[in-house]
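Working notes for the structure below.
Each chain gets a letter, A, B, C and D, in the order it is written, and its residues are counted from 1.
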Amino acid sequence: MKRLRVAMIGYGFMGAAHSQGWRTAPRVFDLPVEPEMAVLVGRNADAVAAAARKWGWAESATDWRDVIAREDIDVVDIVTPGDSHAEIAIAALEAGKHVLCEKPLANTVAEAEAMAEAAKRAAVRGIRAMVGFTYRRVPAVTLLRNLVAEGAVGTVNQVRASYRQDWLVDPKMPLAWRLQKEHAGSGALGDIGAHAIDLAQFVTGLALEKVSGTVDTIVKERPLLDSGSGLSGAAGAGYGTVTVDDIAIFTGRFETGALASFEASRFATGRKNALQIEVSGDKGALAFDLEDLNSVQFYDRTAPADRQGFRKVLVTEAGHPYLSGWWPAGHMLGYEHGFSHQVKDLVEGIADGIDPHPTFADGLQVQRVLEAVEHSSHNDSAWTRVAAGVTAAAL
Amino acid sequence: MKRLRVAMIGYGFMGAAHSQGWRTAPRVFDLPVEPEMAVLVGRNADAVAAAARKWGWAESATDWRDVIAREDIDVVDIVTPGDSHAEIAIAALEAGKHVLCEKPLANTVAEAEAMAEAAKRAAVRGIRAMVGFTYRRVPAVTLLRNLVAEGAVGTVNQVRASYRQDWLVDPKMPLAWRLQKEHAGSGALGDIGAHAIDLAQFVTGLALEKVSGTVDTIVKERPLLDSGSGLSGAAGAGYGTVTVDDIAIFTGRFETGALASFEASRFATGRKNALQIEVSGDKGALAFDLEDLNSVQFYDRTAPADRQGFRKVLVTEAGHPYLSGWWPAGHMLGYEHGFSHQVKDLVEGIADGIDPHPTFADGLQVQRVLEAVEHSSHNDSAWTRVAAGVTAAAL
Amino acid sequence: MKRLRVAMIGYGFMGAAHSQGWRTAPRVFDLPVEPEMAVLVGRNADAVAAAARKWGWAESATDWRDVIAREDIDVVDIVTPGDSHAEIAIAALEAGKHVLCEKPLANTVAEAEAMAEAAKRAAVRGIRAMVGFTYRRVPAVTLLRNLVAEGAVGTVNQVRASYRQDWLVDPKMPLAWRLQKEHAGSGALGDIGAHAIDLAQFVTGLALEKVSGTVDTIVKERPLLDSGSGLSGAAGAGYGTVTVDDIAIFTGRFETGALASFEASRFATGRKNALQIEVSGDKGALAFDLEDLNSVQFYDRTAPADRQGFRKVLVTEAGHPYLSGWWPAGHMLGYEHGFSHQVKDLVEGIADGIDPHPTFADGLQVQRVLEAVEHSSHNDSAWTRVAAGVTAAAL
Amino acid sequence: MKRLRVAMIGYGFMGAAHSQGWRTAPRVFDLPVEPEMAVLVGRNADAVAAAARKWGWAESATDWRDVIAREDIDVVDIVTPGDSHAEIAIAALEAGKHVLCEKPLANTVAEAEAMAEAAKRAAVRGIRAMVGFTYRRVPAVTLLRNLVAEGAVGTVNQVRASYRQDWLVDPKMPLAWRLQKEHAGSGALGDIGAHAIDLAQFVTGLALEKVSGTVDTIVKERPLLDSGSGLSGAAGAGYGTVTVDDIAIFTGRFETGALASFEASRFATGRKNALQIEVSGDKGALAFDLEDLNSVQFYDRTAPADRQGFRKVLVTEAGHPYLSGWWPAGHMLGYEHGFSHQVKDLVEGIADGIDPHPTFADGLQVQRVLEAVEHSSHNDSAWTRVAAGVTAAAL
């Protein structure tokens, strides 16, 4: 195997970000195999051709089934909306293609279960499947995980996680597809709450067992769009009903009994992309904020009493995760770098025959937590068990 | 009326803080009447006499009933543990004394209701009653309230409040009286959660209507104390059971329908006194952290789009609340200044015949929220109504 | 000796702050001798009597010479403008009174030298003299000094110190006495630059040997005051010339050869009281900002490479300097607390027969640095030696 | 003109960063002409061929003169050490190639003058020349400049600029070529101080007229390298003399009379890449720190007095400079993005026939300031005029 020929299906915001990852990773890291941006797939022939030209894909195509059937394709990267993930991913895995699937793994637990099963079967044949919780590969987040694993915080006593944005504060923001359940599947909970859940489980290495929570919609009616479906569409006449949540507040209990508080909101005025976590243990604490993504806050309870404090570790040293490929110490990375790191780990996993995390099983576990939160919310916030099944292997 | 003669009952940590307030307020502010530190009351004659000398009280005494009966006492300041508040406060009000009662108003809603009723009756006779949620009088907190009232955040969409400390992280910390329900009444919820609740209601001017939450005890067994009951006592042989909570996570719904998330914890490693609040509205947002108590964070959504951001307002300007009495701009205040401001407002309220907030009714409302949280926690986190009754007048 | 009877001369802003210190210290700390606020001295009989009543001084008087001659006075606290310090302090020391003199020690080096000589002679007779660089006793600053002394930063390679305010940015701010050399002696350099110099020398334990700098006046003409001399006076007709500096930028070289950069400015828009220092050594670094005075930033180069970062130490633990007398961990102090700590250390020094720092010799050293900066500025910024003489003993 | 064929000369750290810019810009922005990564030039044939493969250059070559002579090359990008800039850039301009030259423009003012002259002659023929002060194109820095130009700070009263790193704190760090004057030309002053100077002039739009400063070497002897010349070489036997500065502290005076303080240091323990600036004006202030490069601090003195404060503007909104090409609001950029923005502006300048800033004249102005600082330092820090000549057109 000399090259990995990649087909990417979908070409929205995530398409741009994944393209940047495929294009950049081999220029920055020494990969065992070089990925090749072979085909970009989308339904609108002209638009997808234009995107392929812009982003550097060799070809474009309109039928994903045809592309999956091609022998010269090794990897399928899925960045379509969630409702098509299961069908494409399962077909690709069965066709013997390695699959990278953007999160959420699927819009329903049933689909996610089928995907996880398909991934399990494919693994036997040496086929890899990975879900795109890219924030795991922000170097600071990887460092968080490593520090917890090294015992820097000791036993985890509690976790505080949230993901807050503010793009829905304006009540005149129109009723785009993302605010309609039939298209988006879920609102703040599934879109950004999923990241907070994955982060909490990934960083602590602990699975959530039960949840109790409330999901709500603050602005319930919004202006209808004249036409188009983008967020940028102009508001038309009349109002329609928002059918997804825009805020979710929930509490989780890990398998160890420790509690975690969660919040996902699109109404947190002034917070643009504030994915935050704080892990409190008996030896120390760690905190992170995606709006300041090159650093980690670390509190060491084993330091002399008069010298304890949260220290801001700039995660830009050569010894920090993924940093060897980039710039000298003190030179900041950005949001998109996680996509290059994702490509690196996927390519290495394929070359080494090892499943890179997060697996489809990990993605399924997040879906189950989301489902349990919704169930709890509809059930007067009663504590609800996260359904077990496929083990969350990589946790 | 030329002077207000004060008797203070109790002489622990709060006794020191209240003494500092009584001693300092008349030296800093121009009060309509001068308070006089007349009698300090405690059960141990020698100890209370020593405390009186140290803190500057003219006399000491051992029987609070005798002191309340004295004609030369105008104000009774209660800083005893919560289980004695109701008896002392009601007796003092009935004896025609103005009362300042440290929070929590009482250990039970029933007691708090009786106190609020007593305060209502006393008010008819011109007697004032005030509960000591001192943090309302941190200048930054008063400014928060004023800014919300002036419309700086517009309609409140959500609130995020927490009070986190870490003094129980060490599992060898012994089983002091504060960790025993029969003495302390409550744990993190009642001690510090109460402040977060009062802050959220005070700042927004909105009352909580329902709550759903979980109260838990992370370390359930702790070393027994050899003797004594202080936190500083040495650990003895054997272990005993912690009977109060050390973490509480709950969600509230305001009368307007807006959600608020709450957390109170004594296990938040590295957080020493982190009473934090963030109020998100459709015109802006405000945030505050007691560990940085001279400032407020303000986000103005009405500013030009490319110039929006959280601004750190140093609340030390002459025009800021209470600042006229203190130092020039930029000179920081501390924790204890709230106690001087409390004295100022109580003395002015007495002189003007107006009830200073927070009233006993406000204190009762907080007790009701606390009770509802505990009820919800025992009831699988089901949403629980905050019992109404006496109106929370000053909210 | 049972009590220390104090006479304070002067009753402006510093009078209020010193009064707070004298009043509070014995209520918070266990002092070996109790200070008594005996006499407040000022030229205007009515005004000084009113201030005495407000601040809690037993008597007032109008002639400082009479007061110094009284046998019942043990300590003289001087808070008058700098031009009268030398005369009063020397007279008091010769009369056998312990002296606390507000900074700057004097308006000229010659006066400061005479004062240091007088203090030296007085010390032989057991009389103490102390100059009021109160910021040394902000607990965080004392901790800085202790950490440097314990080797936490190793060898000091460089220092960055500044004191920035912004109260002169408005060009309509009138020509108050503080902006006239004949009254104020100096501008930003002497008023706030002096603090930055003392801080740099105190924290590092190193004396400045030479300086090169520039002193400038940004707004050179300001509206004349109608009458009165306070900053709050209304602007009248016409403009007058500002005769003191409002910005000073200079570089110093310590006796070890290490460089330090300094800036003092009253034009740093948005900076209210930003006395900042950063000490960089071969083992670590320390930083401090008076606008966040309850914390120290500490960087430990000996920590594992991937865990290094500036940690924010909240200087509010029981083991931190001066904290034992105050509140539980995490409860913030303010600006004025340094004045109580100053009283504590002076009273203990008197009881123990030991000179508390900063001595008059330390104050003289700061005056010499200031004089050298002005000399350098008038001499095209040429490097200028800080005149040696009395050794800066307490450095 | 359909494509711009680029030859890049040099392939060190800056080669990697420029390659990322050339590769990414056309994938993110809609450029009028597409740049093509045609030839990478270096002296070691194997090494340069490997780098070309890794970074995506179509060819490699070893003789820059041959490459400049090629008709199919439109742009020459120079990332060699400073001592070869003048020769290559002048030759390329004379050969009719557009030139992008990494900073510093040259190692001496004489060379820089010749280059600026060559650029002036080339401009007549429609040939563009640009110097790579990339930090100008960090979106936050561009916003700083725009805000100053829009009057957000009013008249600039003072500036505080510094660039601090800490990679020389370890005295065992060996004597690499960067620490030897014959190779590196200059130390902290020329390498990072140059950025602080350019930033101060660019953001304010003001040129420095005079400087007074001190340049020093803290660690004067370092271990000799066994062989090789990289920073990563192992220390050998014996010690050699460091012949460049590692700290520079200086004061500048702008043409308006306003003062600016500067510091460049490689000994600022804990500071990794702290290029900081604060601009103080009569209407507001702006601050920036490269270690937090997605934000700007803005203080608006025209806001209501009780609401003033430094606000942290996240420079990640669609309307912010360069952001339209990148991600949704709140998604952070990194260090390298400036190189894509540089490519964008150079390509657009070439297409539009307009010189993109910073011009060679701007680069020359920075060289003159550096030279003046060194002159002042050798002259007892006397104030030294920045030699005028070619006007700093783009300032």
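Convention: a contact is a pair of C-beta atoms (placed from the backbone, for glycine too) under 8 Å apart; a residue touches a chain by one contact, two chains touch by 3 or more.
Fair warning: this is a prediction, and the values are worked out from it, not measured in the lab.
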Touching both chain B and chain C we find A, D
In terms of mean CA position, the chain most removed from chain A is C
Expressed in whole Å, how far the mean CA point of chain A lies from that of chain B is 42
Per the C-alpha centroid definition, the whole-Å distance linking chain A and chain D comes out as 36
CA centroids of chain A and chain C: separation to the nearest Å works out as 55
Multi-partner residues in chain C (2 or more other chains touched) are 299, 308-310, 314
Interface with chain A, chain C side, in the complex: residues 143, 147, 152, 295-296, 298-300, 305-314, 317, 319-320
As the complex stands, chain A meets chain B at residues 153, 157-158, 160, 162, 166, 169-171, 212-214, 216, 218, 247, 249, 251, 258-259, 261, 263, 265, 267-270, 278, 280-282, 284-285, 299, 301, 308-310, 380-383
Seen from chain B, its contact residues with chain C in the complex are 13, 16-17, 19-20, 23-24, 27, 54-56, 165, 167, 272-274, 290-294, 314, 316, 327-337
